[in-house]
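By written order: A, B, C, D, E and F. Residues from 1 in each chain.
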Amino acid sequence: MGQFLPFTKQVLKNLFSEPATTQYPFVPKEYPERTRGHVDINKDQCILCGMCMRSCPPGAIKVDRAGKTWTINRFDCIQCGYCVEKCPKKCLSITAGYQEPGPEKFTYSVEVPYEPPKPAAKPQA
Amino acid sequence: MQEIKKDMYLIDKAELLQVIMEKKNALWRLCQICCSFPKAENHYEVTYSFANGYDFANYRLIVEKDEDVPSISRVYKSAIYYENEMHELWGLNVENIKVDLHDKLYRIDVETPFIEKEDK
Amino acid sequence: MTERIIIAVLYVLLAPFVIGLLDGFDRKISARMQGRRGPSVLQPFFDLKKLFEKEFLTANKAQLFMIRSYLVFIVLSGVLFFGGFDILLVVFSLSTAAMFLILASTSTHSPYSAQGTHRELVQIMSCEPMELLVAVGFYLAIGTFNVNEIIKTSISPIAYLPGFFVGFVFILTIKFRKSPFDIATSHHAHQEVIKGVTSEMVGKEYGMVTLAEWYENAILLGIVGLFFLNSNPVSIVAAIIAILVVWFLEILIDNTSARVKWQLMLKLAWGVTIVAAGMNLLLLEIIRG
Amino acid sequence: MSTIHKSPWLLHYDGSSCNGCDIEVLACTTPVYDVERFGVINTGNPMHADIFLITGGINSQNEAVVKQIYEQMPQPKVVIAVGTCACTGGIFKECYNIKGGADTVIPVDIYVPGCAARPESIIDGVVKGVALFKEKAAALKASENAN
Amino acid sequence: MGKRSIVPYGPQHPVLPEPIHLDLVLEDEKVLAAIPSIGFIHRGLESLTSKKDFNEMVYVAERICGICSFMHGMGYCMAVEDIMNVEVPRRADYLRTIWAEMSRLHSHLLWLGLLADGFGFESLFMHSWRLRENILDMFEASTGGRVIFSVNTIGGVLKDMPNDMLKEFVKKLDDMEKEIRETTSIFLNDYTVKSRLVGVGILTGEDAIRRGAVGPMMRASGINVDMRKNGYAAYNDIDFDVITSNNCDSYARCEVRIGEIFQSIDIIRQCVAKIPDTEINTKVTGMPNGESIIRVEQPRGEAFYHVRANGTKFLDRFRVRTPTFANIPALTQTLQGCQYGDVPLLVLTIDPCISCTER
Amino acid sequence: MEMLVTALICLPFLWAILPAVIHNSKCRAFFVYLGCGIVIALSVFTAVKWYLAGGQATDFDLPYREAFDHVILVGDIFLMCLITYLSFKYKKGVISLLAIVQTVLVAALELFGPKVQEAPALHFDWLTFVMILIIGVVGSLIGIYAVGYMHGYHIHHHKELTDRRSFFLAMIFVFFGAMFGLVFSQSLIWLYFFWEITSVTSFLLIGYTRTEEAINNSFKALWMNLLGGCGIAAAIAVGVLLYQNVNLYDMIKIAILSKYMGVPNTLCLLPIACLAFAALTKSAQFPFSGWLLGAMVAPTPSSALLHSATMVKAGVYLLIRISVAMADNYVGNMVALVGGFTFLAASCLAISVSDGKKVLAYSTISNLGLIVACTGCGYEETIWAAVFLVIFHAVSKSMLFQCVGAIENTTGSRDVEDMQGLISLFPKLAVVLMIGIAGMFLAPFGMLISKWAALKAFIDTSSVYVSTLMVLFICFGSATTMFYWTKWMSKILGASGKEKSRDLTKKNEYISMFFHAFMMVALILGFPWLSSHVLKPMSNEMFGTDVQVISYQNIIIMIVLLVGVFVIPAINYVLTKNTKAKQVITYMGGANCGDNFNFVSSTGDPKEMHISNFYMEDIMGEKKLFTPAIMVSTVIIIVYMIIVIGGAF
């Protein structure tokens, strides 16, 4: 074919072979294990130190010491994993599965069972 | 004043055009012009970077807050963008830019965002 | 006569369905050629119906009436063709229709419509000699411009008109707005003139233009078929096969070439017209003495 | 029956994204994801579009552009904000020239989070957006009849 | 005004994935003047240094652009490491090099696709992007992200690629190489493609220098400059030649980038063969104080990271001069006298990345 | 009849004295109107009378034939002296040589040459019938238009020029007289005289403004037309010396007979060849197109006059007249090829210009090319087409010129680019312009019907390569024609951001334009009638047969299309008038400033958007095509003339 329509071969090959298209959303997608999908918390280990809140670049995490909640706005999270890096208790993880799109931006909140240490420790600080 | 790196030369305003012409005639390429305003120093630093093949040279001009700098855009056309940027974002006056966009390069709402009001 | 009227009526009623379906397969096949699954074959009909359901916005109200006139003229040309009338007049009437499209497009003062329009004009200019020559070819081969008489010939016109056929298939690429000649209004959005002539056409306006294009494509494919028809009914099968082959060829070309610039299009179209059709013409004239 | 949900043509405009989301939007049209399966055509022209996919936040210069494009789209239309930047301004929300997510200038129907938003997310977003068309088309019809 | 048209081009335009605007003065379709304007994507992210500390800035730097995201992160980290005199472990250097070359690979394939789309060759666009998906899969498997990797940190990288994984990647690349070769031969040989590229948008070597062009744009004008030869990361261990072309037109730019695709595959192979087993990052303590200029060869050319620190966690100045910014003056030169239909193509031949240009 | 015809020829000459001597502008205007009215009335009356009398071709003499013969001889010499004087005055003395040679030749032959056969001087047949109607009606309307136009021209727009309106208006009447004389003349000597008058008058009209450009152009027109005059003089010489005959109709008969009798002597074709050559110059075919383009510098009425009803029509008339003698021979081939080539080349050139009058000029040349090509073919169908084209062309061109003139007076520009959105600014002018343009190319207006017939006939032409070339010329030429007209139309119907301003067009200009528009529509509607009642007898008279050129079926289609063109848009207009539509601004990629005419430019300020048409100067430009076109056509003419002359001896 030379200069004229040299792509024909490829095109015809494509025509008669299975397309590359995935079947998503009819068949769910399988993600590799390292995929950074969303941030999850192991609430039992969290000590409400607020490190994640302070380090999060877009400010997606709110840690409420008084209310004992850990809140994340997943419409604001950039899945950078810096909070995971920074968390002293390694209770955060970033795992496969992304936040579903939706008509509202909502936050996701967990009650953290952590009991702060006795006030006895306070004078030291 | 911080330490100056090995390929960085301090020049003053009078030398600028001479340096620029030398570079131009030796076919150096203008890599960038960087303007900064280190708060601690309280003056502008304008850095002109040139390259020729793998050779690299930077020339730094120290400019006081209310001073103007001459434009090099008539020698290096590509300086137009850098110089307009300096004026729009830092409020540094550049005299006689070849195409003066009068702060309409980025068309931002805030005035000179890299300089805080009281610094000016 | 009644026969001819029936065919013309069938054209008006069925052409959109047939061409729409061909278009659907076109999209499917193109997608597969690109290694994709592609849309449903009924997609063109969904698209068309949707366009008529959209809100009607316009930058210039004059546009709508010109577009309607365009549609009516295309259908009228089709009726003339399938009704078996004079093929040269069909070509003339098609160019009158095209003029309405052009006027519709420029009525809006939009930069993209305008660029598209000028390119459309260049396209028309590139194709028109060949279209007229096809009519001339039939006249030379069969002795009449009359479609109804052309189909009554004993030997298919293609026997006399191979050069004309080649030239015509070449300009079909332009007419179908296929790569490498989708210069004014391609079916791909990603081009410098956006959607060219149809850039400013919203909802039903765009729907009408699409419909008109289908009607026009029916005429063009009809002309392809005409090259193969003769008094023997079996030739109808040959004509249909020819139409399908040409149609597939256009899809293939579409998927294996880049969009060239209009200067090259003009040069190529005129060059092919002069060489292919011109030589054939000369030969026919010599044979006729 | 309206067929708009079967033929949603989309328009993509890059507000002030980092490109990450843009190329993922574009990737959706390519063989592996092929949104044309759902009848989607990526048109570049607001006059022909049904879905407005906006990536990136709003800044002082593109504000007018986004508004203009939105207005040039005929009803019924759906706006999908793709990527964290378009949802909230994301990492750039503290920049001096970022006014916020797409919803600061136009009503957004679906938010697709992610940095960058994955093609799967975008497909989900489009599917959800398309589902809104039925109501919107009915509303348009009702308002037309009322006139 | 007579026969001249004065029309806007963009900001929203389907052939421009990112908004830029040109005022075009046309005669028929001949471009007599093209005046670009930018700023539609200007965010002002350099100013974030006053709000985010120098560690967080890594994540900002990555998001200067979603295409060479990795290299931005790397360039920024290298500059800060330079200031803080941090010796990066060798394995981290190699990993950075591999990711950087993979980025180049994906970026050039992406560009080839966009170029094909720019001249209306839809199936070729689809094909290029289909090939590119393989690279993205490798990214996701190794970093967890398709587009933004978040693996750079000051002092090295955060994630390691086990040697098995590297071997597997090399095998995949071997398979792809053949396919890429077939695809790229279309760009170089097809008649219709050549009609769009050859002789279009001439930029002579001298003009390239005068206008400050960088990267493939410059190398396609016959100028032999590639920042990788400065030997940052692991490049001083790698054997490669700078690819140039003397045609100075769009075809040459295409040629250079295609050459670099195969070059990248080769560099990755060399890296995988030589990669040492060391740590992947070192612990960094203290605050940066000082100044550094780092130049990195991105897919689009030389990028500039000028960091000035003052001993606090907030930097004084973080200046990025991206390759597209440097190439715009060259673009306006090539646009002069071209055809309207060439405009998107010429804009594409600098491989524009507006988001990094405007930051 | 004799008296009527005599009046028709002589009255305009005499009437010309009135405007020449009256300098009060109101009074002069009155006499011009009156004169034009009389000319219209007289020509229509003559034509109708002849038509009612059965439409038989008749030969007759003027009263006092002898005296007229002498007047003509003296007139010839007077014209020669005038030309010589003027050309020396403007230092172009060489040109006078052309005049001297031919006049001396003709005068010498007349005075000292062999005695020629006596024959009646005048002839009246169907072709004459069509011509006098065109000259009388269209020409006089231009006269009426001229009064108002020239008033505006001098009083408002060109105060710097000397006001020589008296002279201008007088020349118009001279023109009428010459044209009438030309179409009636049977004797070549008479024809030659009137021919020279038209050359000289047009020369004077073109040079009207006396600017340097005008003078140069007028001399260009002069020498080209004089060259044509030489052609006629040569024909006279051949006629006198070989056949002792200077009767045009006899020459034609000789040529036809030579063909039928199988006489191989191409000598018989020589006079026809000379006449054809003359006609090619006058009808501005390539390579002689330059003069008509140059004629644009003159005020619009004279352009209109030269382009539509008179001057160029003289050439075309002569070609149609001799066409029967050109069928299937070298002369015919030459004329056909030159015409066909001109049709294509001029229409390509028309694409590249934006000056409205220049577009019109090229389109005139192009259309004349088609007519000339038809005559060169010399078949019934082509003559049918040629005459149709002449009629349609006269009306629509006159209308277009007037309209462009009026637009120029009103808006200050005649550039097509400046007519953006004319329909909303000056709807009346725009409508007239649209009708005129539609008449020039659109199905199913006259031009197209004729093209259909011409194409058919060319396919049937016997010479293989002429036929092939002609078919290609027509096919390509049609495409280029469509291009330049459509782009003009699209300008007019576009949107405009300008403020409406006052329409400065005079009432009498409108009267003339509307009358033309009305005629245009009437012609289209009446074309089947015209075909069967005028063109059929004409072809019967010329060929002795009356073939139905266009089939009944096609006439029906034409009428359907015609109705379509008027009715469909009208219905659609009514249908869409009340469509509810939300007004939006046009799409400019988001750069729009809020209306459809300005955008945010790269400097951040609003900038006005300009959209202009394609001109393809690199491909079709005058610089690129003009000289090659002249060379090609010159070669065609030289080669064929050598064949004809060479064959003769």
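Some points to look at:
Here is the rule we use: contacts are C-beta pairs under 8 Å (C-beta built on N, C-alpha and C of every residue); 3 or more make two chains touch, one makes a residue touch a chain.
Quantities reported herein were computed from a predicted structural model and do not represent experimental measurements.
Touch-path distance (fewest steps) from chain C to chain F is 1.
Using the contact threshold fixed earlier, the set of chains in contact with both chain A and chain C is D, E. Counting only chains that touch, the fewest steps needed to get from chain D to chain F is 1.
Chains C-F form the pair joined by the most contacting C-beta pairs.
Remark: chain B and chain D have CA centroids separated by 40 Å (rounded to whole angstrom).
One simple way to say how far apart two chains are is to compare their mean CA positions; for chain B and chain E this gives 25 Å. Note on chain placement: the centre of chain C and the centre of chain E lie 43 Å apart, centres being C-alpha means.
Across the assembly, chain F contributes 580, 584-585, 587-591, 600, 603-604, 609, 611, 613-614 as residues in contact with two or more other chains. Shown for chain B are the residues that touch two or more other chains, namely 106-108, 113. Annotation for chain D: residues 13, 30-32, 34, 37, 42-47, 59, 61, 65, 69, 72, 91, 96-97, 115, 118 touch two or more other chains. Two chains count as a pair here when they touch; such pairs are A-C, A-D, A-E, B-D, B-E, B-F, C-D, C-E, C-F, D-E, D-F, E-F. Residue ranges on chain C touching chain A, taken from their complex, read 29, 31-38, 252-253, 255-257.
Put simply, chain F touches chain B in their complex at residues 603-605. Within the complex formed with chain F, the residues of chain E that make contact are 1-13, 19, 21-23, 26-30, 35-37.
Only residues 37-39, 42, 44, 46-47, 206, 209-213, 224-225, 229-230, 289-293, 295, 302, 304, 306, 308, 310, 316-317, 319, 321, 325-326, 328-329, 358 of chain E touch chain B when the two sit together in their complex.
Taken together, the chain D residues at the contact with chain C in this complex read 2-4, 6-7, 9, 30-31, 34, 36-39, 41-45, 47-48, 50, 72, 74-76, 137, 140.
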